[in-house]
Amino acid sequence: MHNQTFMRTYSPRQEALARKAAQQRDNQSFENLASSDLLTQYRIKSEPYYRMVADEIELYEAAYSVRMPIMLKGPTGCGKTRFVEYMAWKLNKPLITVACNEDMTASDLIGRYLLDASGTRWQDGPLAVAARYGAICYLDEVVEARQDTIVAIHTLTDARRMLPLEKKGEVIEAHPDFQLVISYNPGYQSLMKDLKQSTKQRFGALDFDYPEHDIEAEIVAHESGINLDIAKKLVHIAERARNLKGHGLDEGLSTRMLIYAGSLIYKGVQPLAACRVALVRPITDDPDMRDALDSAVTTYF
Amino acid sequence: MHNQTFMRTYSPRQEALARKAAQQRDNQSFENLASSDLLTQYRIKSEPYYRMVADEIELYEAAYSVRMPIMLKGPTGCGKTRFVEYMAWKLNKPLITVACNEDMTASDLIGRYLLDASGTRWQDGPLAVAARYGAICYLDEVVEARQDTIVAIHTLTDARRMLPLEKKGEVIEAHPDFQLVISYNPGYQSLMKDLKQSTKQRFGALDFDYPEHDIEAEIVAHESGINLDIAKKLVHIAERARNLKGHGLDEGLSTRMLIYAGSLIYKGVQPLAACRVALVRPITDDPDMRDALDSAVTTYF
Amino acid sequence: MHNQTFMRTYSPRQEALARKAAQQRDNQSFENLASSDLLTQYRIKSEPYYRMVADEIELYEAAYSVRMPIMLKGPTGCGKTRFVEYMAWKLNKPLITVACNEDMTASDLIGRYLLDASGTRWQDGPLAVAARYGAICYLDEVVEARQDTIVAIHTLTDARRMLPLEKKGEVIEAHPDFQLVISYNPGYQSLMKDLKQSTKQRFGALDFDYPEHDIEAEIVAHESGINLDIAKKLVHIAERARNLKGHGLDEGLSTRMLIYAGSLIYKGVQPLAACRVALVRPITDDPDMRDALDSAVTTYF
Amino acid sequence: MHNQTFMRTYSPRQEALARKAAQQRDNQSFENLASSDLLTQYRIKSEPYYRMVADEIELYEAAYSVRMPIMLKGPTGCGKTRFVEYMAWKLNKPLITVACNEDMTASDLIGRYLLDASGTRWQDGPLAVAARYGAICYLDEVVEARQDTIVAIHTLTDARRMLPLEKKGEVIEAHPDFQLVISYNPGYQSLMKDLKQSTKQRFGALDFDYPEHDIEAEIVAHESGINLDIAKKLVHIAERARNLKGHGLDEGLSTRMLIYAGSLIYKGVQPLAACRVALVRPITDDPDMRDALDSAVTTYF
Amino acid sequence: MHNQTFMRTYSPRQEALARKAAQQRDNQSFENLASSDLLTQYRIKSEPYYRMVADEIELYEAAYSVRMPIMLKGPTGCGKTRFVEYMAWKLNKPLITVACNEDMTASDLIGRYLLDASGTRWQDGPLAVAARYGAICYLDEVVEARQDTIVAIHTLTDARRMLPLEKKGEVIEAHPDFQLVISYNPGYQSLMKDLKQSTKQRFGALDFDYPEHDIEAEIVAHESGINLDIAKKLVHIAERARNLKGHGLDEGLSTRMLIYAGSLIYKGVQPLAACRVALVRPITDDPDMRDALDSAVTTYF
Amino acid sequence: MHNQTFMRTYSPRQEALARKAAQQRDNQSFENLASSDLLTQYRIKSEPYYRMVADEIELYEAAYSVRMPIMLKGPTGCGKTRFVEYMAWKLNKPLITVACNEDMTASDLIGRYLLDASGTRWQDGPLAVAARYGAICYLDEVVEARQDTIVAIHTLTDARRMLPLEKKGEVIEAHPDFQLVISYNPGYQSLMKDLKQSTKQRFGALDFDYPEHDIEAEIVAHESGINLDIAKKLVHIAERARNLKGHGLDEGLSTRMLIYAGSLIYKGVQPLAACRVALVRPITDDPDMRDALDSAVTTYF
């Protein structure tokens, strides 16, 4: 079945990608010269702080080795964006992040013609840049984009790995380093806004959640500068608040919010005031919920 | 009834097309020179791997011989796109693929004026390129496009085989090699989004589904690089999941997902983790469904 | 009452039109030179095959002689488009066809300014070309267009027979050869999409339906190349299917579909497979309806 | 109370208008030279046939003498457009007709900047042309326009009689000959589409309806060329159909439709066929209503 | 509390404004030269006829002296627009009127870039012109504008009195003469269209209504030219009609309509016909309401 | 855990910011030259009057020291905008205010290409200017903007503190002085318009409300120029009205309205008339509520 003729294009994905990457390395002298400036700004300059939770790093590396598109699932502020930054740094690939929104058109992703002194000039969009020169393209909160704009990524997420620039009449074959990553928060799924099955099935998925107690405290302490004791108190408060999710709170307190509170405390703000500003007031306007959260704060500080 | 006068334009389709193709061959020297570069990038360079399931290849060849527009029906990830790539390769015709979406205007298909250094310049859209120079034009997920934009293809799908470029004031008579192919997933049909009867009736239809057990295993093994035993286990898991369609799952596991899982296993990822990432997590967020699918996985690995 | 002064513009329509056409013939040397190239591509080069069903040809000729706007009513694929092509050929007038859709703006019909090397340049839309130079303008599936865009044709369909190009500040008086024809399928009428009475009342109407048995078989045989016996079998199948309209089928099988099936058979495809591809699969995804239609096919083949 | 100081601008409207018109006549030599070409095409060249029904001509003349904006109310095809053409001819004023539709923006009425070889150039819309140079501006089917676009005409319909071109930074003071006329069909009024009271109150209103029997027959005979006997039969049929309005018909048969039927008969078409094409088929697809109307036809022919 | 340091910018509004106006007078020689042409067309050339009803003139003058934004409330045609014209004349300030509508964008108010021979050129919108050079800006029927477009006026209606031109990167500090006036008709308020509280609270409000009997008759007589007796009869009719508001009429007869009727009578039209055209027909299509109004007319004429 | 390598980019936020600001100071000579003009107009020239209510100034300073994004919550007219102006003055940072509205696109915030004499030129939007050169960016009434446009600020509100200009292919790393502040009124929250949790969690929050009696009177007296006795009476009236919130009034009387009323009184308007114009009429059209409010006024004046 491993017919040599087939092998030229339809051999197992990873072998083909390896071969292609090798070729690319040989004749990249010129093209990479042109693109090196462009991609430099998308490189992660130093190791981002990331605290491994389970086997997510290993699984991502395997997925990247076969260039499987990846979907990061989890609540807001639990570390999805930091994880993809860390992986881009670890794999030494440029990372192009796109914050998706409902007004984003396919042209915003793919590219458009701009008017120049000498007529129109084509400008690649972030997805086309990533596909052409070999970056990881991270579509943040992809469920915000119109479902049908998302269809534009389909040709990049199956065996074809190509991106037709219909307006330009060009077809980009994805660079062997290119990978597509998307994030989304299952809590926001609704009848109106969910990914279609034909999109979901094009991605492997990694689940994320708030880290467990000790790891989260370690992260909060590291990021805010406060000591581990105070960090643990903040995590205790967060855990109480997360139990209220669905019972008056739409979403629990995120790790990011704890870091905000810790930062204020580190700057000398009283813990009660810091928690009021950074944890309680942003998350709810309901007087009862505020009381419940405030009393959780006073339990620990 | 086969009146010779009529024969000049309204003789049976296939004879007229044959005659036209012959004429075209004679005076193609100049025009094809101009278009050869354009179409080169749309040619399938080597034989795509395609595992015949029934008589679909033979039927497609007959349909192409009378240039009947064809509709490929079937669930996501079952091989429709690969099939049309294979047929384009087999018939040695260029293939222009358009991923349809709700924001696609008729201009995106047909063409538009671009601003140039010397004023406006007309640029054919993918449908116009295909019709003008003789490619197979494949509109993927056509049901995503606005129903009324789809009306733009009507003149190309009846005996007229022409495409009026209203903005340019030109009428393209379709090249004798031109054929239109569309795909759509009947599972997505809804009151809001379905093809109109006046569109459906312009197409012959070929049904696709997930291949039967042994064929699917053969495909998964070939595409991912894993051995047939593991491939069969993956197919067993898929078959269990497909039985859950309509009972908690919107869609079954596709062949494409099995290839993803196989690829991870081939790279050394543990089968349980590979199935979690590539099969279970992408398809559902419901805890009960995840348990059901996870236990199906552990049955085989 | 036939006051001579009035006669100059408001005399009976047909006399005025005849007089105008005569004048036009006298001083057409220059203008037609300019427009002859433009309209050439809209002429029907040879007699289209059309099988008269009743008195529709005679009625159309009378309507054209007074330039009454005409509405062709009937289901999809029953020959409306072919009829208007035949009449254009018979009357030796150019035919400009516009496939209407919901995104079509009045500018798409009437014209717009394009940017040129030397600033903006006006370009007539298809309706303006037809009105200015004297073609039959055929708006196919007019009910698809926005009701209010259709208002743009009102000034051309009453005694004024003029088209104001508001953006250009010009008023086109319709060429005496100009006529407007629209088609629509009453089955699609809905509360949302129907022509307004003030539009309907501007048109004479001709009803179309699938031809009767023998005529339809003759058409199918002629167009596909198969013999009359097979053609009759196909018509029998169609008649069965048409009885299911409203009982599970949205629309019956059209003559066009029978021609498709005949063409496949003519190319050597087995009748059962040809009917499956060309008649049954396109029209329904419902398993019961498919069984019903398949058994109708096996009755005859 | 007729304080001389006030008189300069706020004296009774008609006196001010008369004085202004006189001034205009004195210094019109230059400006009218520039505008004469523009308005020539909007002049009604010869007397339109119009059959007075009541005191509508006299009332319109009085309204015009104080430049009161006028609203013509009545069903489709009863002669509103012909009446305003006749009045424009009688008052010897140019007539600029705008067919309103839902996509019409304020810019379509007022004007816009166009791109020229030397940058942008302002182009007056039809309302601005009429206001600037003194034409009657007729907004046909005004209820089709967006209610809020209609607000653009408010400054022209009260004592200010001015039109601010906000984009150009210019204020047009209406030419003393300028008058605004709108038409609308009360039968179409709905909750969604009706004129606002603040618009309605800016217009005097004239009611129109189908003319009475003898007058309508006279009109049909004159316009189609048929004799009065046949015309009367057609009017009898129309009267029967009008009784069905609200009992299965949305709208009655209009005078315009009778003229169409008469024209076909004049050209030699059998009365039964002429009525079928011009009266019955356009107005309804309901089989019962068609039978009712057909039997009304056979009663007279 | 009247701290001298604060006084420089945050001293009581009126003192700051007076000081600013004085400074402006000193160095206005150049700037006003540039803007004088622009604003000339917005000056009210002679005293508009306005009949004071209560203390509205005095209150407006006080509001203007502290540049308080003002909201004029009242039904259509009761004199709001005339009042603001009168006040602009009395205060000797230019008046820029904007008829608001739903399609009006913030750019229509604030300004936009236009394409010029030498690239883009900024053009102030009416609000920016008024703020920059010191006019009264009157937004007529402000409730028609999108609520959120109205947010664009907020920075001009609080202590900041500035208008950021975000697209130009400039901040206009309002000229000390600038004032904002809006009108709206409380009868049109609905759930969909009402001003937000955060907008309402930025305005002082003056209520308007139809004037009382004798004053209204005086106005009608003055404006139309008829004598006071006839004017009083018209006012009686209006009062009867206004009692029907909410009992079959959406809105009462406005003073403006009475002036229209008076004008027709002044031109020699019979009072009954004049009232029919100018009062009854425009306001309702309901036969019963028309009878009620017609009989009110015949009571007095 | 305070690994020196990490410290380069992921050390505690405040240390990194301090270091960055120091670097910036060293090489700012050139860049600030270019941007100094641009930002000058956004500087608050003299100390705005702001009356501290609680610990809000101290908390804001701490938040700014870690550049925590801040959300100001509270009803309209209670001093949120004045507070942020005061803090910008106190911290000596330029303040760029953006009044959000539903039509605001991401381009309005971020920037766009403009057409210039020599082709297109990029122009930063207010958010990009603030991020690039180091201003406080204040998004007023942020809940008015489309939820999904707000996603554009996400990358500036987490650890990344960067703004990708996707259309320009540039990534702005936020200037160390940059901070984002938003305001919103919880009373307006609705199902349709509320901030998403993933946005809320990116901000610390400060609550605002109408100041307590004596402070509010002090503010009203200072701002309007009236004496403290009258100011206290106005505050009493406001307090009565605020009790009606939710019992017929949508919103209470704001401090801003009291200042308006005070200003009129200071100019010599009778207190009753001043309160009618500035307090009662703007806030309600309901006769009963007006009576209730009027009687509250007469209690004190």
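Chains: A, B, C, D, E and F, in written order; residue numbering restarts at 1 for each.
Definition applied: a contact is a pair of C-beta atoms (placed from the backbone, for glycine too) under 8 Å apart; a residue touches a chain by one contact, two chains touch by 3 or more.
Only a predicted model underlies this, so the values are computations on that prediction, with no experimental measurement involved.
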Completion exercise
The chains touching both chain A and chain F are none
Completion exercise
Common contacts of chain B and chain E, by label, are none
Exercise for the section: Please state whether the interface between chain B and chain C is built from the same residues or different ones, using more than half shared residue numbers as the mark of same. Expected result: different
Problem - Chain of greatest Cα-centre distance to chain F - result: C
Completion exercise
Per the C-alpha means, the centres of chain C and chain F lie apart by a whole-Å value of 61
Fill in the blank from the handout: Per the C-alpha centroid definition, the whole-Å distance linking chain D and chain E comes out as 30
Handout entry: Computed distance of Cα centres, chain F from chain D, in Å
Key = 53
Completion exercise
So chain D residues touching two or more other chains come to 115, 118
Practice task
Could you classify the connectivity of these chains, where an edge means two chains touch, as line, ring, star, complete or other?
Solution key: ring
Exercise for the section: Quick one: what's the order of chains around the ring if we set off from chain B and go to chain C first? Expected result: B, C, D, E, F, A
Fill in the blank from the handout: Residue set of chain C touching chain D in the complex reads 1-2, 5-6, 8-10, 12-15, 55, 58-59, 62-63, 65-66, 68, 71, 73, 105-106, 113, 115, 118-120, 146-149, 151-152, 154-155, 158-160, 164, 166-167, 169-171, 186, 189, 196-198, 200-207
Fill in the blank from the handout: Contacts from chain B onto chain A in the complex sit at residues 38, 41-42, 45-49, 76-77, 81-82, 97-103, 108, 114-118, 123-126, 129, 140-141, 144, 185, 188, 218, 221-225, 250-251, 253-254, 256-257, 260, 263-264, 266-269, 273-274, 277-278, 281-283, 285
